[in-house]
Amino acid sequence: MNHSFVPKAADMLVVGPETIVAAAAMLILLAELMPARISKAAAPWIAALGLLASFIPMTTTGISVRTGFSGMVVTDGFAVLMKAVLAVTGLLTIGFSTHYIKREDLDRAEYYALVLFAISGMMLMASSANLIMVFLSLEILSISLYVLSGFARTQPRSQEASLKYFLLGSFASAFLLYGIALVYGGAGTISLAGIANAIASEGAARNPVLLAGAGLIAVGLGFKVAAVPFQMWTPDVYEGAPSSVTAFMSVGAKAAGFAALARVFLTAFGDIKVDWMPALWAVAALTMIVGNVVAVAQTDIKRMLAYSSIAHAGYILVGLAAANQAGVSALVFYLAAYLFMNLGAWAVVILAGRRGEAGTEIDSYNGLFWRNPGAAAAMGVFMFALAGLPPTGGFMAKFYVFSAALQANMVGLVVIGALTSLVSVYYYARVTVVMFMRDPEPDAAPISTRGLLGVTLAVTAAATIYLGVLPGQLFQLAGLAQIARP
Amino acid sequence: MQTLTEHILSIVIFLPLAAGAIILLAPPGANRFFKWFSFVTGVVVFGLSLPLYTGFRSGIAGPQFVEQAPWISLFGQQAIWYRVGVDGISLFLVLLTTFLTPVAILSSWNAITTRQREFYASLLILETGMIGVFAALDMFLFYIFWEAMLIPMYFLIGMWGGPNRVYATIKFILFTMFGSLLMLVAIIALFFVHHRATGVYTFDLFSLYGTPLTGRAEFLMFGAFALAFAIKVPLWPLHTWLPDAHVEAPTAGSVILAGVLLKMGTYGFLRFCLPLFPSASAALVPVIAALAIIGIIYGALVAYAQQDIKRLVAYSSVAHLGFVTLGIFTFSIEGIEGGIVQMVSHGLSTGALFLIVGMIYERRHTRDMSQFGGIWKAMPVFGAFFLIVTLASIGLPGLSGFVGEFLVIVGAYKVSAVYAALAASGVVLAAVYMLWLYQRMMQGPVENPENADLPDLSFREIVVLLPVVALIFLIGVFPRATMLRQMDASVRQTIELVEGRNGLPSRVAESPELPVGRLGCRGTGAWDMDVRGARPRTWMSGAIGFGAVGSQAIGMQPHPNPPLKGEGASPNPPVKVDGDRLLLDFTSASHDAVGNVR
Amino acid sequence: MGELIAFVVLGAIAVAAGIAVVVVRNPVHSALFLVVNFFCLAVLFLVLSAEFVAALQVLVYAGAIMVLFLFVIMLLNVAGVFESQRDPLRSQRGLAVCLGLGLLAEVLAIAVSGAARLPSGGGTLPQDFGSPTLVGLLLYSQYVFPFEAVSVLLLIAMVGVVVLTKRSV
Amino acid sequence: MVPTAHYVILSALLFTTGVVGVLVRRNPIIMFMSIELMLNSANLAFVAFARHLRSLDGQVFVFIVMAVAAAEVAVGLAIIVAIFRTRATIDVDELNVMKW
């Protein structure tokens, strides 16, 4: 027992970003002691400042590898880049939330606090160096998201989304937990480094208890990233939850889940990757196929985007299945690109929607071009980016992921990825058809692009194109996303 | 001025994009501005592209006007470059693009009445994509242009097309992307194979030319590339998107589609499939040639059966592009040069045909052949243009179509008399359906009173058609001076690459990181190679297929990254060095690739 | 010997109670069976030298958590919360049982084949293994960060409950 | 001393019971209780392994799990109560606004 009870600054620096974000969340809660008008107005700004401030510890640590709190948490290139992705996700979420929660009458400061708590959990997930931290951070982000999905608490759809998400999410957590228990038994430790050592030095590698544990952990995290066959909650939850929350979790929860998957499987189980690579191969292929094929049949844009997010989880899994450094870098780049194009698409959904979550049928986008050319053009950019056409970040992301997989000689998986992309072109193109090639309903009024929402749209669209034209810098950064091997 | 001449190609590529962006940022409704601005841009771009032609030095095989800048680094190496240039093959296609774009803009003057801002911007952005495809010397850059170009075309058909435009445009984009996505996989795979052989990550086209491939990999990659190009050409039976797209597209879209986009397929065969996968290309000549000939005859027969003029012209494209493909796959100087001339000629004559169809459609709002008859009486000028274009399309001597078809048939005859005979029958069929079309529309009595007093071509319409017709004559009369002379060296080099005789393509100047020349030694048989002028490093990395051999032969260290097994490294064939020539005898060595040894 | 008897008896009751939780119709009965299950586990924890955890099991799980469950069930029971009689997913039910049995078979096979090769701490168990002192010390030293993170988690839950159930803003 | 494997088998039995419960039952409260059963089976495995390994990590983990479970229960029941307030059913299959 030679550890001090008092955390040192060096320890705090490792988890600096998440601490700052969580502190900002608590500040928002404290601010509610002030008159409601002030606290409501202040909340998004506090949240934004907190997220911006979280970049300070990230730049301080850079890509250096540091551990903290007796090896509970670690920061490295991968963790810092994932945290940056999450912080940007948070900033954009605030950008399109302000308008939305006012319109839907959800304007409460707790909204921002919960978003920030969720982000801190997600960030912590990227930094977890111990299975206990994986479990805890997963719970922190999950519970925040359960509440956020039910935030429109008078809306039956939102309530049900919340209930379904909660039940299936806790179900998945239980799998994760049991998996951790088995790994604990099989390896004798729950620290990722310790597990890697046990696998490397002892006969633990072939112990079925350990392998079963790894499998159950994969199931638990697979739920979070909506990998097939654990995707069944996604469409209902995405459709029912408030749009801004859906947008947030479609990127944030996915990023966090992949961060944990990558770290756990590449560090702790890195030496037995021959055992899990085929399984991941199959899951990635299934996820791409199911997500894209089912998306074709959707008539509601929220459901369509839900299936599309399943499909994109599949592409990210391709990077993970490659199980090489290029794959990890590709995963980070993909999430960064996906964050802009997907949040942008959701921002348009929010803009084009009407009070009470109405106007989410794809047909209600008829002639959007005539009602708001800017938003339609931006949506066009996002759709082509999600379909993976150049010159957009979506293309570069797919290119990077496919490159990583081909480097690992996974030709079959890449061909599946390419063919499913073709399927996705169909349903994304359909949205552009509706927006540009049909006339609006006679009673459809023009839509004005409002303040912060408009800025968010412009930023996401510009970033999507920027990443498609000059991805070099982010490629380079993503190349630094190395996961520290114990 | 210095920058202008140094960056002339980049300016030609990106000026239309910049102009398109300016148009998009302008307030809507300024329709006169959009028209004039885009037309002037088109003319200026054409003017700027002329120095590419006048300054082009015949006799140089490699690309000229080369510009390069590092673009994206990947896996710690400067793998992706912005690298453009034109050689004897791409020069004419770039010029064709810059020439047809202002023509297409002018032809839309009155035809496009809605969303003009977006229309002209799309056309200009499309021009950037098309020139980029032809000028790119980096596979990655090529792919970006190749795909990005789809988006404006998609909107051109989908937003300003006919009643069935949505179906047509979705079909167009899905067909095209089906091929190109698999091509992307093949491109990346080639990138890694090249890296494994040389330790260098690069998408540079001329470096990749030398990549040693196993037989299976070569056939698969050839298949992926060929599929993408065959859809674009389109080769029978992948042509079904074409009639729909043509019929629904607005006139300008049809002109660009027929004039330029289809050429990307045949250009792709010539630029990528042949030199990158010579053995597979050679082995599959019968297959591709058969498809091309089927296309020639099928296109002609189906065209004959059409009532819709636009559909007829669309099917005639299938036939004409069959000629081009056939010519390319003869691997003969006549066949390939004929193919290139035919590409340009088809761009001009079919582009003009679509313009003519568009002009008559604007007057009568129908494209049904039976609605016309005796138009000559009302529109003699129109009739004259129509006649010239028809004859060019048929291939009358003295017009551009003749040069291309004649050369292709000569080239095909060298390979097989049967190919030549079948292709020639296609020429006859073309004459039948085109003349029949002309006769039914222009001659005979005026049966439909609506046709009686149609206004003849306006000044603008004459301005649209006149330059096209002039070029048709020019190329037809002086093919050698206008085209063949310039393309000779590049075409010869391509043939050499395919035949694996000489492994040393001209390199992009001043690019020391381009290590690889093609040595193209695959298959069984005796090979001799000219190693004159090969820089040591080039030789080493190029000789990966039998690295050890090379090092023995000219006494150098083995390559730091020896080739993988099965890529031709294992059996060391006997080697003789004879002055500048290196003789390898593969006759006894077992090789898994099918070779085209001559 | 004593441990074996305890294990067999308590294990049997725990499994029976667990099955009962899943099978009985009335949620109140389910909750009570769950409490039985929790108590059995608490005793097993004691047997396994985990005094502190055993105490928590009774206090937190059986005490606080289950009371909350019962409270909510009672609260909602008024309007009849029972499952509808119809069973729209009979096929799913069979499938679920098969799936569960498959999972069980797998885990059992794994446990039986892998248990022999589990890494072991070796040596005898210290006298105070599992005592509140030792667990507490560990909690406040090595595990101080997760411990603090739990407090954030509880805060989130608190905020969440207020957000979800407070009647007016 | 009972071998650790026996405890693991017991915990596997309980875990499976919980899984089947979640899949078979439609009443969210019972589904939720089945999840609690699963969590507890994991706890049993942790404690058994902790003794086997002579390490207290497993017991600390159980402590954390209990706290997490408490938080989950609070939120989960709050969701159920909120739904019950707007309508009188919480049978998952009765929730017909969306497809399950």
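Each chain gets a letter, A, B, C and D, in the order it is written, and its residues are counted from 1.
One rule holds for everything that comes next: a residue touches a chain if its C-beta (ideal position, glycine included) is under 8 Å from a C-beta of that chain, and two chains touch if they have at least 3 such contacts.
This structure is a prediction, so every number in the text was calculated from the model and none was measured.
Undergrad: Keeping to the contact definition above, tell me which chains border both subunit B and subunit D.
TA: Touching subunit B and subunit D alike, sorted by label: A.
Undergrad: How many Å are there between the centre of subunit A and the centre of subunit D, using C-alpha atoms for each centre?
TA: 26
Undergrad: Find the geometric centre of each of subunit B and subunit C from their Cα atoms only, then give the gap between the two centres in Å, rounded to an integer.
TA: Centres of subunit B and subunit C (C-alpha means) sit 69 Å apart.
Undergrad: Counting only Cα atoms for the centres, state how far subunit A is from subunit C in Å.
TA: So the centroids are 30 Å from each other.
Undergrad: If you average the CA atoms of subunit C and of subunit D, how far apart do the two points sit, in angstrom?
TA: Inter-chain centre distance comes to 6 Å.
Undergrad: Quick check on subunit D: which residues sit in contact with 2+ other chains?
TA: 4, 8, 15, 18, 32, 43, 48-49, 52-53, 55, 57, 60, 64, 68, 71-72, 75, 79-80, 82
Undergrad: Among the residues of subunit A, pick out those that touch two or more other chains and give their numbers.
TA: Residues 132, 136, 139, 143, 146-147, 150, 153, 162, 182, 185, 188, 209.
Undergrad: Using the touch rule from the top of the page, what residues of subunit B touch 2 or more other chains?
TA: none
Undergrad: For each chain, which other chains does it touch, given as pairs?
TA: A-B, A-C, A-D, C-D
Undergrad: Provide the residue numbers of subunit C that touch subunit D in the complex, in ascending order.
TA: It is residues 3-4, 7, 11, 14-15, 18-19, 21-22, 27, 30-31, 34, 37-38, 41, 44-45, 48-50, 52-53, 56-57, 60-61, 64-65, 68-69, 72-73, 75-76, 79-84, 88-89, 92-93, 95-97, 99-101, 103-104, 107-108, 111-112, 115-116, 118-123, 125-126, 129-130, 134-135, 138-139, 143, 146-147, 150, 153-154, 156-158, 160-161, 164-165 of subunit C that touch subunit D.
Undergrad: Contact residues on subunit C for subunit A in the complex?
TA: It is residues 106-107, 109-111, 113-115, 117-119, 121, 137-138, 140-146, 149-150, 152-153, 155-157, 159-160, 162-165, 169 of subunit C that touch subunit A.
Undergrad: Which bits of subunit A are touching subunit B when the two form their complex?
TA: 326, 373, 384, 389-391, 395, 399, 402-403, 406-407, 411, 414-415, 418-419, 421-422, 425-426, 429-430, 432-433, 436-437, 470-472, 475-476, 479
Undergrad: Could you pull out which subunit B residues touch subunit A in their complex?
TA: 28, 71-76, 143-144, 147-148, 150-151, 154-155, 158-159, 165-166, 169-170, 173-174, 177-178, 181-182, 184-185, 188-189, 191-192
Undergrad: Within the complex, which stretch of subunit D touches subunit A?
TA: Touching subunit A from subunit D are residues 4, 8, 11, 15, 18, 22, 28, 31-32, 35, 38-39, 41-43, 45-46, 48-49, 52-53, 55, 57-58, 60-61, 64-65, 68, 71-72, 75-76, 79-80, 82-83, 86-87, 92, 95, 97-100.
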